[in-house]
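Heads up, there are several structures right after this.
There are two complexes below, and they share subunit A, which is joined by subunit B in the first and by subunit C in the second.
Our next item is the complex of A and B:
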């Protein structure tokens, strides 16, 4: 069978007339070194109907840093809590550069003490166990992002659960980006902070560069890449690494296979206006894991705005309401306590702040919001999105009950089987040992 | 696209006049000049190439035997390493490497875990010496390693070595290992030597085993297999029917791909992939995998069109089907569904890609690390594909304009080279080579397709040897039509098969090969068959310059005496 696959190279984009191996339309690929698969017809000539493939090369919170964000200073980490009770002179002494190793060691000691007090359980699994000082949050009213609910809320309406919207630097009001308010005074989430500035961005973006996480996007049925009133859009996870060059820039035109887990297949529709893709809102669920964490993006009412450049690259933003639990697990959960020492927050304080500033999806019974608005910036390079054969597709959810200390109902997804996280995206080895508190205790002794 | 054929030879003549170019097509194909004949060439000894060594070891013992070591670099003479092999020697350092490799190979073969797998017999205890077993091993492996009949003197010599080794080592397996090490480090293994018999009239003739070696290294690029050695021993290679039977058997074997790959590696200078480097900042998608796959890609491409489809040789210029891996897919900017392995792609007729010149084995191999090169590509077409020679660049040439790809005044290679040609010292040669290379400017320094350079549309039209073309497709059609293209292949194949430059006695043979190649629709297998069955392929005569019968020991003694 010969498949018709047409590619536009004039734009430098990775474009297929039909999907590049769509599970619905193509035969399974059975390639080997000795027996190549049958020829795929390709062309350099523009065609009317095209699919644009992209691989995310940068994906990180669209944080706007201003000097007015944190007038009280940055948020406390465990290292700060460990010295809070000391005389001011002693605190100043420990904060001097030459004494910071002691300052950090005191933080690690506090982290260990807390875990010992709870039989080795990660404090992030029991954030109510400690009443830490409230998280210092962003006090300015400027933030990047978009108006998700069509309202410029001052925090007094029911739907916003008390969270006041931001104003964008370009003057747009009603900006919903409360996750920025939570993370904006945590030093590791800022680039300008003295102690751990840029750390979280480097971890997250590094996970893309290291091949730990790959996100693909496919824009199908594109009749005109400048203006098209209807396109189909897919956003997928992949287990294959996006190539990067030595300057940490994504390299285009890689063929990358979509994951077989349909939980991480997301479909929506959209339109292209003046070269900008605008999707209809959809619930986005993607694999994410940095340094082995079994994390996920679970962002409701996701909207993507993407400027499709002529060279095939794209840049834009992704906004929506991050499910509160997943926002906590994804961005802050710290199994062994090290992040809470070195990266400027404590799980109890963040947990409280997330609930305080949650501004979406109010629970019908309690009225409390269960999701928090967010805005992320993304860059993408052209890629060929390869779909696995339909018969290989599965649907599963990572069994993170032990890792996060939650119940099945907290993670279950209808129609998805439970799978032990392993390999990339699996939990660090310590998670296993924590399953048996006796083992942990004996280690401490 | 338009391809206008004028008088090719007239065009060539015009191009050659005043260009300082040595242009030789037709010299050997009998198109002009009187018929020249001469005595056949003398017997040869050709140093085995790395691939021949590796293939031989794999076929004599097993592909599982690891060959680890550095080989003497190939020497390219007359455009082919196969010809250089006849002029190559082995340096002292090189021999140390071969000797060490021989030891490592022998060690693996006689190891306890492998002995039963490779050896036809064994002894009841290691300390026992079994002369019959030793003879059997030496006979069996000796014939394969030396490519000669082991009867008589040779067998006795190696048996004696085996006995001496047993005496010293006290272990039959170790002694056998030493014998194999000696065989594998012997010049008779490392060089493919012609052994001859002398007729009553003084004429020389290759022995059956020497014929077997010629056929086998030509068609399969490896040592003769058991069946060929049997036929050699039985004298079947001295008969027309016997020779035909063996050649046809070998041509029908999958091993002929190995032989053809070796030829095209040599023909297209694919050994240059070993040192191919590209600027990582300019071409981030180009890496070691791309380089390795690019080499294999063109061989798969040639296999497919010339062997699988049995198409005419000239099809490789106009073909639209080739093979890609995922790393190559990033260069060609095509989707590749298979995570590992190869996938066949077919470019549409209006796509400039698909033919030989669009492969990175051509476009990237004949380019600079950070930019394309119309000049290098033009030279490559002239020299590799048309067997024409281009004079080297004169000294003290100013390349500044050509190298500065960011000069806003000269946005494209054509503009830069046009400016460069204003220097009279450069003009004549560049007029000969650049039009060909400029037609390939749609491929950047790593072979990616492009239509613009620095924002300017690339003009890929041109003319050479009386043909005009609009783009690389037109150029490739020109090459497919150009008589020098097929005559060059025949000439190179003949040189590759014989391992020597064509001699006066070869002219009629090459002329005949060209005619038969043309009559067989320029298909590769009939050409291989014609060469392998030619009397000229095996013809040898005594050296025209008498070689003195020198006693090496006496000579060495005399030299020492003189020095003292």
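Our next item is the complex of A and C:
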């Protein structure tokens, strides 16, 4: 049965999102400017429509948590490094509950010391300046995710750059999710940890909820919602907020406009099998700033599996190879160095681990992998996806050179203009490129 | 001079007079008498009201602050328990969100200024518009010596969240002695104390304004009720200027409820928790007396700053640092020390409300004629959440609002609250906020 929503449009402005276009009864309503008219707003769960609009309401790493993941313990925070060199008796003293006020402060003190040693540059901008103890990583062989390369790698093959695949809890082999190996023992990336437990998930999901991030999806040319051997799929950033209720659940059927920046427009094709959308691999770039950082989500060979529910909602997963630099910038980097302090890792240790476990897109010259496999869970609510007029479309990339301390070649995109990141704080007073030989020479041994 | 409905008043009418041999003229506001078709509606006047804000930093712990409402009233939670003695004066406003529309969540900034200015800042540290309480001060504060009295208990004059415009920040007093000197020492004396010498320049300004008084009376006698109200509003503002000037030229008349406090001694003013409590207590009392003496009808109070720097003497970590660094206790499921700081902030709020409730006024207390709006910069500071920022009101606003309510919004824009505060204070505004936070939906649940 057709589900449609009738509304009265006071002055004849036709309200119609993308779902309107392919139904006999969903022609845009014409009205004079002065006469109130009754318009038909086709619901975004219209079963007859050939277009399905969605807004992400949850999007976060599909991290498995078991007691066996981190036999060495969780990753060292900067404050842990600060007391490692102290006599054992002093360490015990600082870790007693009544003395933790000092212990808590020692991470910031060490971060400040390192910044002073590098003329005020965040250590996250020059992560190879210190040899921190190796990041404690997931040691089990179980992980959520999917097999991206069709191989169950033991780490010996050239293409995996030495990273051994996981097995899924349901027994599937060849699971590529090395980013989980890197972040799985950082306690802010786990929910069960005492220090900062769940903080990173709350940050990211919170950014969706407060409207800092919005991601839209459009499935077009849908002939049959259960089985269709060809559909077109678009994934877009938006600057308009997905509504949430007081229980922090996404509210469906909002009209949301796609960003004018075509860099964050992603198109692919796919199919629907038994109500599950499966996309062909595509490169995905999305605006993904949170708490003010000008971050991006850049995942190559992205595949989306999405269970399309009858009520218009959807849930599933997104897998692919996260570009190594973007993985670092998006999830770990911090211009001021405070994020690492408060969330249980150090930028140098994470930087090294990312490179150690990178398992995709080997550089043809060096053979080193330049991307790392990942898996994310996503929920979506129905939405009217509105596209801006073509004449308003632009293509730009955020000029984050100073923010991340990198060269133009690290961020440039062919055909895209450079734009100042909106809202980002100014660059560090003495920001220097990671490639600056002076900073490399100052690396502590 | 006669103005009847059949003989409309000219829009160019001026009130004319002579002063010190020179002609002077005062223009008139828009009056229905100038446009007869609009004449004839009745006038409604709002009773006097005080409005103020009270701010604390770093929010609350999820699940440990928001009260529930039962048959016996509020069921306070551990972090709101310090409010037990004043709960009859309170409303709790929960579930209102700052909605950023793709703008960054500048930590400890975006929440406060989405709430106060209705605009989520684009650039860190760049406020894009005035804050709503200044519009209220413009409305309520024209007849008092001070349009607004602001103080921070932290000793840092940068700790203020009241902006007259995007560029102009209101500077708070930072010590009880400075606040006392500003209110009571510089312009307000006990009757008979000291030799009083009015400033001749001030006298001349009053004479200019008084010169048209007879003509004004003639004008009022010939206007319809609505125009008389408009003219009254207009001349009320003129009179308020006169009154402010008169305060400087006459030995002050001190209201019955006004008590002259002793000048406080010097106290350390910094982020030390004990000092903050002490300074706040002293300044709250001075502010209450200043309002009892009708020296101001508006105020802004900061108990702890955004990203609270409060710390306990001898400890290395501040409240803010605890929010990010402290382990979640596995037995109780929350950050114990962080929660203690929230409780300290609530103790401060209780003390402030009590200071207003302690001042008798008419048949009730000063608090009864106040609307105090309290809020923080974030809800859960650990992740800088700007959804569900904790907010409260205290006082009955002279009978305009009821208390004892827990309003739970459904993720509505936080600007609904700022809009409501302005409307209660009589600011003629129907919509407020920008983008997704633009709203015309008042929080009617608290209206009397």
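Just so we're on the same page, the second predicted complex is superposed on the first by the 371 of 445 C-alpha atoms of A that agree within 3 Å, B and C clash if a C-alpha of one lies under 4 Å from a C-alpha of the other, contacts with A are read in each partner's own complex, and residues count from 1 in each chain.
Following the convention adopted for this analysis, contacts are C-beta pairs under 8 Å (C-beta built on N, C-alpha and C of every residue); 3 or more make two chains touch, one makes a residue touch a chain.
Quantities reported herein were computed from a predicted structural model and do not represent experimental measurements.
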(Q) Looking at A:245, would you say it contacts subunit B, subunit C, both, or neither? Reply first, second, both or neither. (A) both
(Q) Tell me the contact category for A:206 with respect to subunit B and subunit C: first, second, both or neither. (A) second
Q. A:418 contacts which: subunit B (first), subunit C (second), both, neither?
A. neither
Q) Looking at the overlay, what does A:142 touch: subunit B (first), subunit C (second), both, or neither? A) neither
**Q.** Which of subunit B and subunit C A:255 touches, first, second, both or neither
**A.** first
Q: Name the contact category of A:386: first (subunit B only), second (subunit C only), both, or neither.
A: first
Q: Could you give the residue numbers on subunit A that contact subunit B in one complex and subunit C in the other?
A: 240, 243, 245-246, 251
Q: Going by the contact rule at the top, pick out the subunit B residues touching subunit A in the complex.
A: 280-281, 284-285, 300, 321, 323, 326, 329-330, 333-348, 350-353, 449, 451
(Q) List the residues on subunit A that touch subunit B in their complex, please. (A) 2, 5, 7, 9-10, 12, 14, 16, 20-21, 26, 29, 31-33, 36-45, 53, 240, 243, 245-247, 249, 251-255, 257, 384, 386
Q.
For a test of understanding, state which residues of subunit C touch subunit A in their complex under the given definition.
A. 94-95, 97-107, 121-124, 315-317, 321-322, 324-330, 337, 380, 382-388, 408-411, 436
Q. Along subunit A, where are the residues that touch subunit C in the complex?
A. 79, 100-102, 104-105, 107-108, 194-197, 199, 202-203, 206-207, 209-214, 238-241, 243-246, 248, 251, 287, 289-293, 341-342, 422-425
